[in-house]
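To keep things simple, chains are lettered A, B, C, D and E as they appear, and every chain counts its residues starting from 1.
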Amino acid sequence: MTIEQFFLMRHELLLILAAIIVLIAELAVSESGKTKIIPFAAGLFALVTAIGFIPAETGTLFGGSFQTSSLTLFMKNVLNLAVLIIFLQSEGWLKKPENSERISEYFILTIVTLVGMNFMISSGDFLMFYLGLETATIPAAALVAFDRLKSHSAEAGIKLILSSALSSGILLFGLSLIYGATGSIYFADIVAKIEPSPIIILAFIFFVAGMGFKISLVPFHFWTADVYEGAPINVTSYLSVVSKGAAAFTFSIIVFKVFGALFEQWQHLVYALAVMTMTIANLFALRQDNIKRFLAFSSIAQAGFILLGILGANEMGMASVVYFVLVYVFTNLGAFGVATSVFNASGIETISGYKSLYKTNPKLSLLMTVALFSLAGIPPVAGFFGKFFLFTSAASRGYYILVLIAVLNATVSLYYYLRVIKSMFIDQTDEPIAAFRSSISMRISLIMCVSGIFVVGFASGIFEYIREISQLFF
Amino acid sequence: MNILSLFVVVPVLTIVGILFTKDFRGARVVSAIGMSIQLVLAAALVLMYLGARKAGVTDEMLWTADYMWFPSLNIHYAIGVDGIAVAMIGLTGIVVFAGIFASWGVEYLSREFFISLILLATGVFGFFISLDLFTMFLFYEVAVIPMYLLIGVWGSGPKESSAMKLTLMLMGGSALLMVGLFGLYFNSAPDGGALTWNIMEIAKVHIPDAAQRFFFPFTFIGFGVLGALFPFHTWSPDGHASAPTAVSMLHAGVLMKLGGYGCFRVAMFLMPQAAHEMAWIFIILTTISVVYGAFGAIWQKDLKFINAYSSVSHCGLVIFALLMMNKTAMDGAILQMISHGLMTALFFALIGMIYGRTHTRDIREMGGLMKVIPFLAVVYMIAGFASLGLPGLSGFVAEMTVFVGSFQHQDLFHRVVTIIAASSIVVTAVYILRVVGIILLGPIKNEHHLELTDAVWFERLSTITLVLAVAAIGIAPLWLSDTIQQSLGPIIAKLTVFNPF
Amino acid sequence: MNVAMFYLLSAIILIFSVLSVTTRKILRAAVYLLFVLIGTSGIYFQLNYEFLAAVQLTLYAGGIVVLIIFSILLTHHISHKFERPALFNLLGGIAVAAIGAGAVLYTVFDHQFVASTAPALDVNMTAIGEQLLGMDKNGYVLPFELISILLLAALISAVVVAKKGKETEEL
Amino acid sequence: MTGYAYTVLIPLIPLCMFLVLGLLTVKWKPIVFGIMGTVGMGTSFVLSLITAINYFFVVGPGPNGFEPIIATKVTWLRLTEFLHIDLGVMLDPISVMMLVVITTVSLMVHLYSMGYMKGEVGFQRFYAFLSLFSFSMLGLVLATNIFQMYIFWELVGVSSFLLIGYYYEKPSAVAASKKAFIVTRFADLGFLIGILVLSFYTKTFDFADLTAPNTTIFAESASVSFIGVSVFTWAMLLIFMGGAGKSAMFPLHIWLPDAMEGPTPVSALIHAATMVVAGVYLVARMFPVFHFQAPGALEVVAWVGGFTSLFAAVIAMTQFDIKRVLAFSTLSQIGYMMLALGVSGYGGEEGLGYMASMFHLFTHAMFKALLFLGAGSIIHAVHSNDMNDMGGLRKYMPITHITFLIACLTISGIPPFSGFFSKDEILVAAHNYSNTLFSIEYITAGLTAFYMFRLYFRVFWGNERHYHHTPHESPLVMTIPLMVLAFASIFSGFLPFSELVTSDKIGFETETHLMVALPSVLIGVLGIVVAWILYKKESLVPKSITEKLGIVYTATFNKFYIDEVYLFVTKRVIFNYISRPVAWFDRQIIDGFMVGIGKVTEKTSYEIKEMQSGQLQHYAFAFVAGTLILVLSLLYCLV
Amino acid sequence: MIEGIPIYHFLIVSTIMFFVGVCGFIIRRNLITMLMAVELILNSVNINFVVFNRYLYPDQLQGHFFTLFIVGVAATEAAVAIALIINIYRRFKSIEVQNVSEMKF
């Protein structure tokens, strides 16, 4: 083990370092100057993110427990980027007096969960995978319960941690069966010995259930809406984008890498889950008024679409999933950014409260519109490309009916996205949300989102790059 | 830059220009300038096309350009036009130009209005120049989606629900379409080789019959929804009734043509075998649509509803004629698209102008308008005559070509349905004259209407442009018809390879 | 002897696990859970994983259960009795458990487990220590580090959640 | 051939006048527009006369009779390999004759209208429409192919619509114009389908090909039949349907009486002399096809014509509106023409009916125009259409009186007026064909004389009514046309028609058939006498007769309730039983279905909301149950 | 390895224990008891790992270590969960699930 080899882990190491620096900074600043940690941490994280983009070697460490490839590096960068945007958006919320004592904790916990996700993505055995998963979940529960003055926040926290405990129990049971059947927890060994025996399939279904919890697939999704609604809005966006994105990455990696040989068996499973997820989530989203709950169901539906990419089970599928998550980062964070701004300025987080927003805050409304169109998959914004590639991936395997169901679901989803747009543009009210200016950091984050929404689609290079590294992965 | 790309670039630049304007005056002037340039471009394109054909250029598509976009999926930005696309671009140019002037008076959020309107136009232009199914689909959706805001924000009546219905139904159609397009793509190389989205490339291969049978209905209905194919037309009356003037114009005038154009350019051209096998189903549907729309229009009381049902009837005729799959009928179909586009745009423009004055569209509340607003009334009558197929106006040329073409079928079924469809011309006359009789002629019903003022300059400009176009096609149809027939050659050739007759 | 011991332990584990989820007295439930955990450690002893058994006894039985009992004491009166479970949950839970156990057992019994023929490893503290700090395959230093981070994060989490702020602002 | 190139100007001049008058927005004195229109029409008239003289007399017949001449032709629209629509000018005896008829009557009407329409709002518009109509009608008769004819046929319909609805503020005028248009449009549908069928089998639209005497284009499909009837019979029947619509043959006649809502000069031009004979012209134009390919259809033509002539004459006897009387009389006379065509053979004496029909068309145009213009003059004087408001006018309006009398005598077939000659030929032709038809025509001739003189006596004789102001003779600009047309009515009978206009374009000699002519004159005189007895002096006799006739009279007066039947069909059946249900079906069922999908989706959304109960155990249950369902269904195919 | 006891007997114990835990999670209304049910589940998984390791793959210690880490994670999980439960108790004055369900539908 040489020092260079540690550079393979630079994402994780940097993040840990960052967490420690924030921890030290917390001790260094005075009681009154705690808010200064916010720009400091955000800046630090920006640096970490930037370093992450430097091209690096890839390889395997710890006898296969830790693996990197261009693809995993890219995934981590995507997550870093998302977290950076979220940090920029959290400023207004963190500055509130009730949070003043816990600013650094927010950053540390977030970064630690991110470390967990990174390890999860890079894991080469199920033990690392499991530990990454838990590292990504347990502190998240604390983040969800961060708003200690709000009972909803506490309720969301307990719901998250208990359901996640159950789901990881089921997941672990599956893993134990896999270990029993194959004699190893290392992916490389398992692949060599895996075969479609009932016990493996059973274990796989348990595994999918556990992962389905993280990606929030129907019927493992029920926690999502409550937790998203109760959590502080920035944590919600973190869960819906980063946590879900990481889970989707990991899921696709493991499904392709470890269970690739079982495609014949799991395609039906994923098919059924995709249909259920899209449909049920859309049905629930139809009548939500709380914007966070609404976006929760929307994000569940998006997870259903991701399954279409996974169903492709080839480099196209992989690329489409990664690309979709990349698009989803910008899109969803754009929407959450607007929701955050509005919430910070007015305390309103219902769709009906957005009436006539366009009159008072045209730029935010437009941004929200673009983000929602992107979520709905309307060209020319990036969401269209993201969905299109997912569908292409599914169609390449001949799942035309599934694609049809998915596109019809996208149409239904358009209905509820348009409801928000209708509220902002069409509905009239005497007391719209007053005009306000967002903070600088919020604006930077929104600009990042909107440029991402427009650029990621049209710049075909991005997709081609993802496709290339996905090809290397296989 | 390729001249065709300009058709997308100019509107985009116009939109950017509007962003820099301060108020509604600036916005409309910039839009007018942009769309005038676009109209000139369209006219130039038509002339250049005719010139090129005259000079003996025999390529199927002219001014083709091809830029690789997503290499891994073989998605290109591929453009090129034949006579049909040129004609459709010309139509779009005219209607958009007229639409801008018809909405000259929009002052509420006018910048946003013009941006959305031009975005819609961008989609339409892009659609017609595309040769790549992906780009085509992309532009298609770009054209459809601004409708929601245009109707929802600037519309009237039950605008939210209409806008929602329209958007969802059209997007539902595009859902079907998307499946069809995937089917085409993944079957575009049945003998091995690279898959492609390019229409001209796909046209060279024979897509397996089973795949054709499966995907043809998806593609055809997908486009058909936008083309107001019975029974997927119900978005049209509500949508048109609620939409603001220019939007109705563009939507009925141009956007609905995307449906018809797609039906033959994609569905029938690429899947001729299935088209032949399944034509009869859709022929029956469209025959129903033609007659049914006309009868439906008789009973309506709202001017826009009348016109919307009339559009169902006329657009039904387009698809009806396309399915006849011979040169004359398809020529007629395209003429009908152009003709219907122009005259329905004219109709909607006039309805908007009349509504702007009388504040009602209920025909029972109007009467004798000929006396107070003679210019609008006369133009309305001209539009009505065009609609009922008066010789000398475009409707006649189109309908006659359709009927003569459709009747050339050896099969009795086709001739019988032609006769049934032809009977719609009588019904059309009934509802057109009913409206004209009620609202324009007779004594004035409402005292307040005595104070109405006639059209102002921009309204005149808008309507006269359309009237001239309608009359030009009606009086001298030969060049247009010949151009279209020439361009239909390859399509017919591909279709007739499988013709069982 | 071992066999009898195993069945005894199994019986203890099963009976007390059932009891711990059915008793209506919460403190009793915690005590039953303790018995289950101790029984499990007994099985670990039988399987010659003494280290694991010790960890189970100290960390699980000693740590977690004590934690749970503390929390019970914080939140309940000792004699607190639960309400009966809702009928839907009761039936649903039992049905799910029965069907699930049946399906899993059926599958497991269906499977022919093949034992490895490689020579058994002598499990002693040296081996465990070497592997725990090993950096190659079958070395667990990386998970070890990660779980330490997790523990730190959990600590912070607990502080964040439990920290009393200015309660006057409470909604 | 190029020698006739100028003929293209004949229709084009009115077209230019239409455009100029229609688009000119200057505020000149109205009369200027009148003069412009009249001068334009005059030019066309002169050109037509030159053409006629040139064609008939200067060039004269060739060895095969009069050669049809294509003066000019351009392709307007190419449809298929064989089918293309041309626009052009074809000169042959009937088209040249029609040129003269149309331009003459039109010129007279133009002139007349300067007086009649004086002071009307929209004078300029009136002349524009007149020019448009003249253009369309000229284009129609000059058509080189059947599709060109159809094009102008439609244009004629529209100009007629515009002219009938000239007083657009009057609801009855609007209704009448609408009715005229829709009824003829319905007939035109038949025409169109006929063209489609014909062209489908013959692969041509050209008259030259279709009507060539020994053409072979029909041979190939002659045996093709549909429901037991040959396709060509079908085609010709459908084409005749178009003609019957325009010419207001029973049962498509209902629009014509109502069309009298238009200004009287319009009635003279359109609904007496020109447009309504377009149907006759169409049958004449297609006569060889009818004769050789579809004799069955020709028989239908004959019977429809015969029946209409009697039917209309009967109704005419009971009407009080003078224009309506004239309108029914027109129907009756056109029935004669149709009948003549129907009974005609081909070539030489056989083709007597054809010649007679054209002859009658010509003379009828003159005297019927005269009658209408005269009626216009009367209406102009007394401001009423109703006979009951008139009487004793002969003193006030001498010129009108004399010319009207001439016209009445002409239509009654009294020699030596022109009507006698043309009607005589028709009767001869009918006599050779069928006794039934012949006797119908005899009766009709008598009835014609009766109702015309009923009209004449009631208007010019009888008691004077109380007039708002003393009736006076019309101005010169109105009486000159009357005199010109009276002159034509008297002398056009002496034209050597059989030399010029025949079915095979080769002239032949005709003679007066005394055995036919004499009774017809007698029956005409009888009619006049009866009218004289009944109506010369006001008496109660007519009233008592009508009372005795009772229901028969009422039915006749109400035009046998044909209008009501139509009203029932349109208003009730189409409007209420088709259109309304269609509209309902569309809104409720089809749209309801589409909206229903949305509603059901939304409802489902509310129905399943309980799933998300907020309770952790439920979530856990769903989680585990979902997993187990997946296990059972995927692993054991149980669920 | 216990002579005379087949691996399946262990698996019966662990599986039943697992589903007893699941059942407990579903039927109990008290958050702390639910946490206990989770501990049962994790414990049963641990037995699985250990037994598989000892019976089938005695040449390595993967299952053994997996179990070790699960115990560690279970401890942290329990710690955080209990912190949250106490937090809940402060907010709601109750730790019964049906009371902690303000957010639904």
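As a convention for this text, a residue touches a chain if its C-beta (ideal position, glycine included) is under 8 Å from a C-beta of that chain, and two chains touch if they have at least 3 such contacts.
This one's a predicted model, so the numbers in the text were calculated from it and none came from an experiment.
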| item | value |
| --- | --- |
| Required steps from subunit A to subunit C (each step between touching chains, minimum) | 1 |
| Most centrally placed chain - per-chain CA mean versus overall CA mean | B |
| Chain whose average C-alpha position is farthest from subunit E's own | D |
| Two chains sharing the most contacts, counting C-beta pairs only | C-E |
| Farthest chain relative to subunit A (centres taken as mean CA coordinates) | D |
| Inter-chain centre distance, subunit D versus subunit E - centres from mean C-alpha coordinates, in Å | 96 |
| Distance between the centres, which are taken as Cα means, of subunit C and subunit B, whole angstrom | 69 |
| Euclidean distance of C-alpha centroids - subunit B vs subunit D, Å | 37 |
| Inter-chain centre distance, subunit A versus subunit B - centres from mean C-alpha coordinates, in Å | 42 |
| Multi-chain contact sites of subunit D, meaning residues that touch two or more partners | 598, 609, 612, 614, 616-618, 620-621, 624-625, 627, 631, 635 |
| Shared-contact residues (touching 2 or more other chains) in subunit B | 168 |
| Shared-contact residues (touching 2 or more other chains) in subunit C | 86, 89, 92-93, 96, 100, 103-104, 107-108, 113, 116, 138, 140, 143, 147, 150, 154, 157-158, 161 |
| Chain pairs in mutual contact under the definition given at the outset | A-B, A-C, A-D, A-E, B-D, C-D, C-E, D-E |
| Subunit D contact footprint on subunit B (complex, rising order) | 165, 168-169, 231-235, 237-238, 292, 295-296, 298-300, 309, 326-328, 331, 368, 370-371, 385, 388-392, 396-397, 400-401, 403-405, 407-408, 415, 418-419, 422-423, 425-426, 429-430, 433-434, 437, 440-443, 476-478, 481-482, 485 |
| Subunit A partner contacts - residues on subunit E that touch it in the complex | 18, 21-22, 25, 31, 34-35, 38, 41-42, 44-45, 48-49, 52-53, 56-57, 62-63, 65-66, 69-70, 73, 76-77, 80-81, 83-85, 87-88, 90-92, 100-104 |
| Complex interface listing, subunit D residues touching subunit B | 75-80, 83, 85, 147, 151-152, 154-155, 158, 161, 165, 168-171, 174-175, 177-178, 181-182, 185-186, 189, 192-193, 196-197, 199-200, 574-575, 578-580, 582-583, 586, 590-591, 593-595, 598 |
| Subunit D-facing residues of subunit C, complex | 86, 89, 92-93, 96, 99-100, 103, 107 |
| Footprint of subunit C on subunit D - complex, ascending | 617-618, 621, 624-625, 627-628, 631-632, 635-636 |
